[in-house]
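One chain, chain A, appears in both complexes that follow, with chain B as partner in the first and chain C in the second.
For the complex of A and B:
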């Protein structure tokens, strides 16, 4: 009886829903899915018809921006699937991408503007209306601008498609103190490659036959398409060698893994050069025609033999020599992978210079399986002329602390020191958008110290991150599925450049607003409205004016791929360097009194009983931005201290014990995970735990904060944070 | 001809990123603490070469779970998929311990049993299962065994794949794994709840 009833209902529902689905299909003119035809999904609900739509967007769970298709039922996102048409992401979404739905619907979302009421970081907030919040922010910015000049406000925007509007606002407002997240990440790598090749290439992993990865972990620190291409490559004929103090999942998949002594990568790279030059197995044509300073390099690397390197980095000399030969034999479809995050050592630019130079000896530039020239599809803009503020200081606040800092990125380390010291001039306001230096910048206490020097701090975010938690005013941002974003260009390496964008998948929830809306409203209140006299739609039209074909393609496929030559783009062209060649020897460095070729400096000995703390990634975690995600917490709910069992035994620590980890800058309590997947002198923990923000209700109370422990050394050339220079002691609690 | 779905898994492609776990969890609203699919490592901690083996309900042709169900709530359905009629299921849990692959769980709120059905609703809509589609390295390949030209049949022809079964009970699973990888001998012997062993004949649905 009961059963028959059900059947009746479901037949009626079937008719109703299929009719509505058909209607949707005709409007969208695309393939709509008749889920009602099956026994699952919407058919379980009580006779309510589902309006199912599929919408293109781009993931925002990390920086990669993989293509996705959102399944939206009655205005609610039910599932995110990969968009197979976006060649950069190779038709995949990772665990974080799949958990994006939880980010959007997290009960911990910031819902309306909040004003700090208690002490900083105490967590007492008052709800404001948007008008109240924006009036207050504008008043503070006006006042601080008047007292401390417009440069008295430091702006920091993370990796986001709307960060450009925050930058635009900062410029219009009159501050040139704009920093990005990248000095906590990769600027030293970019510095080194730029200073060697004149630009930052992208590695053609897919077509490579031999890859050495020093310190990169592509199967956990996912980069599209490199991570996917790496698997395709090694399943064909590519050999993978991983050099890492940790047995990462990349090491687990590699043909060879060497647990290098931390901080000695340059010794390994110099020895590779030594063998290649000594045995004349480098690419003689390329070196002769396209490089500058080979004679100096030959002289320079004479002393860096594999036998010497073995003593430094603890990789057998014979293995180094063999790797050099194998690399050279596979060249030009071979590489020493440039990596991504290089915020590791005080000479991280020079380490990556060594990396860049080994690749130059292989002659893999502009070649399949080597380095590919990054291409951009040039987009239009709505230009503007910011006002000139006469009382502004002469230069950025983080200036003169590293000789070759990128002005476009700044240096978080230096800016923070400058704020604390009030030198060269005072900074009294901090404006952050979607960035969380409380978790990603080494030495959390110093970040707190900086924030305590401020008169006003404003954070725009979708969650109460630790950084937002410290702010005076917190403004709720729309998440990636709720907003329209500008067009952006990407490159799937061998598949060439493409254009992508975001259109809203659902309406913004609560009172959340896009960054553009927020800065436009602020600008209006500061009499700067003329610089934001456009809607996002108009901005996008200006961007895409010269590419009408792209608009069509993006509507149809969610992406526009431009056919273009990928290899051989430099044929007959000079390199964009001083010598117009690849700079093995850098005259610019010599002129700046920097080592013109990388000189190895032995890291300090790790005293017994101490450990070197290294930073790394898990495939389920994007630092602090995903650790509160309940779906992902089922994979990693807290971080653990990786400790070798032999080292643990000496300390009387058993697996799962709570331990106190101490460095010169901080202490944290964490559970120990005894594993042979790490060197005896090294320890590791994931980033993004040990949060201070009680607004992150899922992760609060879990694990330890690595930023609290990391010393804030810096790469002396680029100002990149150097996070692997920290020694810690560990004891059982 | 009726379709007969199978998945071929190239174990060596899996990087243990767990995209498939979260994709499945979202698609099928699997409750916190439970999973319809998994990734098994062949060694933890001190291995110098690790394999990760993904898996889920094997949609067996002679399913011991079906034999164990006292009310016929689970049966071989369309596409060769083992389905559960959750209206009929009494939640006794016989099928949970009967599965050699431990692919079933009792839903904590609904008190019925749940498991992977290769995303039958997606298949019906012409889509691949969530785990298959989202995988970065496309470790799982889904196809129709009744179509001689299907990708799975092309792969199986190469004779590089095997089924993994318990030596006592071959339930004739429809997931195939790369030969010469580890983790080919883990399926357990089916039991009834409480660890009660039955004669192999008890688990047979076919004579």
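For the complex of A and C:
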């Protein structure tokens, strides 16, 4: 266990740190809040009754949006607790969620609009008024739109409940170059499951009896409800097998762990199929009635025996065969877990196709303990009819670089290359909202190169992230506890879908504004105001019009659960694929000259003295968005390079030594952590450190940036970034 | 119907029937990007939640139909209650709208996101 993890944080200390951080924030910009937070200034010490309120909200420390209750005293958030009524988060709020108070009162919060004055990344800024900032942004967008068409501006918004308004603004402005964070995360998984089942299912972990988890680390890379359900499941009768080059905390809790050779997951999955088909232990009814291409698959996997797979993935053949039998015996309440982030290999879509196909053989679709169909609660909208700009190019800038890229997500890797190359057309402006590709996009130097090609870059964020640090104009966003957000559907898996929302817990501090306010003001200046002729309250009324019962429930409990059938929703219904069945063989892939079934390609041998760098998660870190948080820094203050002691010995490296890690794209200095919890040919480090932004005063100077080291390879089908394809060398400094 | 309009309507139908024989080709020929804007402009007025008036239709999005269903609709649009509205559009506009709807259909490789 690392040193930092041994530090126990008591609740009292937690609140003390929070309050002191908040006080510093106040010094930086708001004396009223400073007064409210100090002991002297508190109502308690003056004998006056505090005004204590409890308000519902949703966490924003990662993408999960768990339900919470904020305790607010005299307008100051004092404590965040889980909302037990929100079944999706199973009444849980993790360490990051608890530390959300520090996000709001972080002294490094952006407080007012800033205009870059020095060179990019130099950190010289001039304070602007909102009017000055918005006038300037509108003028730049107008000018670039005129010179390079409206598609000459690239928009990128992170996972946020107000990102939809940034997308709306992009469309009203006339650009269809809108990319999400997802191509740095999970699009290859979605691609594979959509192309197999017609949609992305959600795993019913709670009711599963047997789970194989290849590459997922659910007890650290938290996903609600899966992480909590997994703990509940294994406490009952569920068997958990983890396949991972690292001995993660999930591996530590598993019944079995296999340190698979990186890049060979498909060999393991194909061998599972081989055994199930060879021994006829697959779900015959499901395969016969609901799948397409079983005959082709039977032929295809004949050569992929467990004995063959053992040589590839280094998992014993007998164990593979046993796992296949145990999985099949537990089916349909069994699964190979689909995972979340799949930005790993250049054939990551095909690896997840293999995952999807094993599950199809189990017949676990729409079954308890298997895969559940995601359900939407239909919400209203305020429609808009923007104009089309006839001089716009025919398509997106990142088009034709991967055959099956999602139009609705785009691909960061491809868009960035397109901007650098100026091909197929120039992009001269970049508009970001709450996303940080400087930290999340592999090959940071390329992101810098892209930004240096721009005439104008605007970033809306809460903090001076590395991405904001590179911008021309930085606009301060309101944090999640300060703003009203639209309604959204969440998936509780076995508990069905629910509706959630955010209302302000406290008033926005400093000069921070919501994304809706910012894009509305920009739209007004660009004569596009008609597309934003509504307040957030009006938008929410339009959304919820058909669900008056939800309004009451949310007011009472902070959540509305819709009673609905969870299993058997596909009874008698066709799958949303071309064949209307589960596509073991994909005709669409065959037509696109892609392998219609997953074909294993052996990864390149790792040369002696070099290591495969893998990406993963700590439960205390959401990449660069939380590493500056002082409360969480008490858990993980900097990242370290996980290195096996036997490998370290050959390099003369001891535990705690500073080492230089080098790849073909970059170098970083980091402290070595010698551990047997990783393979000898693999190294690992947490994300979110080694920041460039001096506006992140807590984390600046800590650890190394993994994005600086990672090569920007990509999944050839979906355009998902492939972040496990980088080899590094390590030497003692 | 005036002769000019009649001819235009016939030509639109011919273009649609001819090219819809090979749907994906047709989708490639149309500009899906522009089609999204045109769909909103010309179709959403009636095909949206809360639409009122004689022509109020069911809310529509590309994912409400499969590619085959969109093919069918575009081939037989004459039987729709709003056929006269289709006839008012240029053949190119209809092609663009089709490219958007077909390209982001329920069973397409890139289904539209709910709005």
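Everything that follows uses one rule, which is that the second predicted complex is superposed on the first by the 688 of 733 C-alpha atoms of A that agree within 3 Å, B and C clash if a C-alpha of one lies under 4 Å from a C-alpha of the other, contacts with A are read in each partner's own complex, and residues count from 1 in each chain.
Quick note on the criterion: a contact is a pair of C-beta atoms (placed from the backbone, for glycine too) under 8 Å apart; a residue touches a chain by one contact, two chains touch by 3 or more.
Computed from a prediction, not measured in an experiment: that's the story for all the values here.
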> Should the superposition on chain A be reported as showing a clash between chain B and chain C, or a fit?
Replying inline: fit
> Of the partners chain B and chain C, which touch A:381 in the superposed model: first, second, both, neither?
Replying inline: second
> Looking at the overlay, what does A:595 touch: chain B (first), chain C (second), both, or neither?
Replying inline: neither
> Between chain B (first) and chain C (second), which, if any, makes contact with A:675: first, second, both or neither?
Replying inline: first
>> For A:142 in the superposed arrangement: first (chain B), second (chain C), both or neither?
In response: neither
>> In the overlaid three-chain picture, which partner chain does A:545 touch, first (chain B) or second (chain C), both, or neither?
In response: second
>> Under the stated touch criterion, which partner chain does A:577 make contact with: chain B (first), chain C (second), both, or neither?
In response: second
> More residues of chain A in touch with chain C or with chain B?
Replying inline: B
> Looking at the overlay, what does A:392 touch: chain B (first), chain C (second), both, or neither?
Replying inline: second
> Which value, in Å, gives the least CA distance between chain B and chain C in the superposed three-chain arrangement?
Replying inline: 31
> Of all the chain A residues, which ones make contact with chain B and with chain C?
Replying inline: none
> Inside the complex, what are the residues of chain A that reach chain C?
Replying inline: 176, 194-195, 198, 376, 378, 380-381, 383-388, 392, 394-396, 404-408, 545, 576-578, 588
> Of all residues in chain B, which touch chain A in the complex?
Replying inline: 12-13, 15-19, 21-23, 25-27, 32-33, 45-50, 87, 120-121, 124-127, 130, 133-138
> Taking the complex as given, what residues does chain A use to touch chain B?
Replying inline: 3, 6, 33-35, 37-41, 78-82, 90-99, 101, 219-220, 222, 227-228, 231-232, 235, 247, 249, 252-253, 257, 619-620, 630-632, 634-635, 674-677
>> Give the list of chain C residues in touch with chain A in this complex.
In response: 31-34, 36-38, 40-41, 44-45, 48-50, 66-67, 103-104, 106-107, 109-115
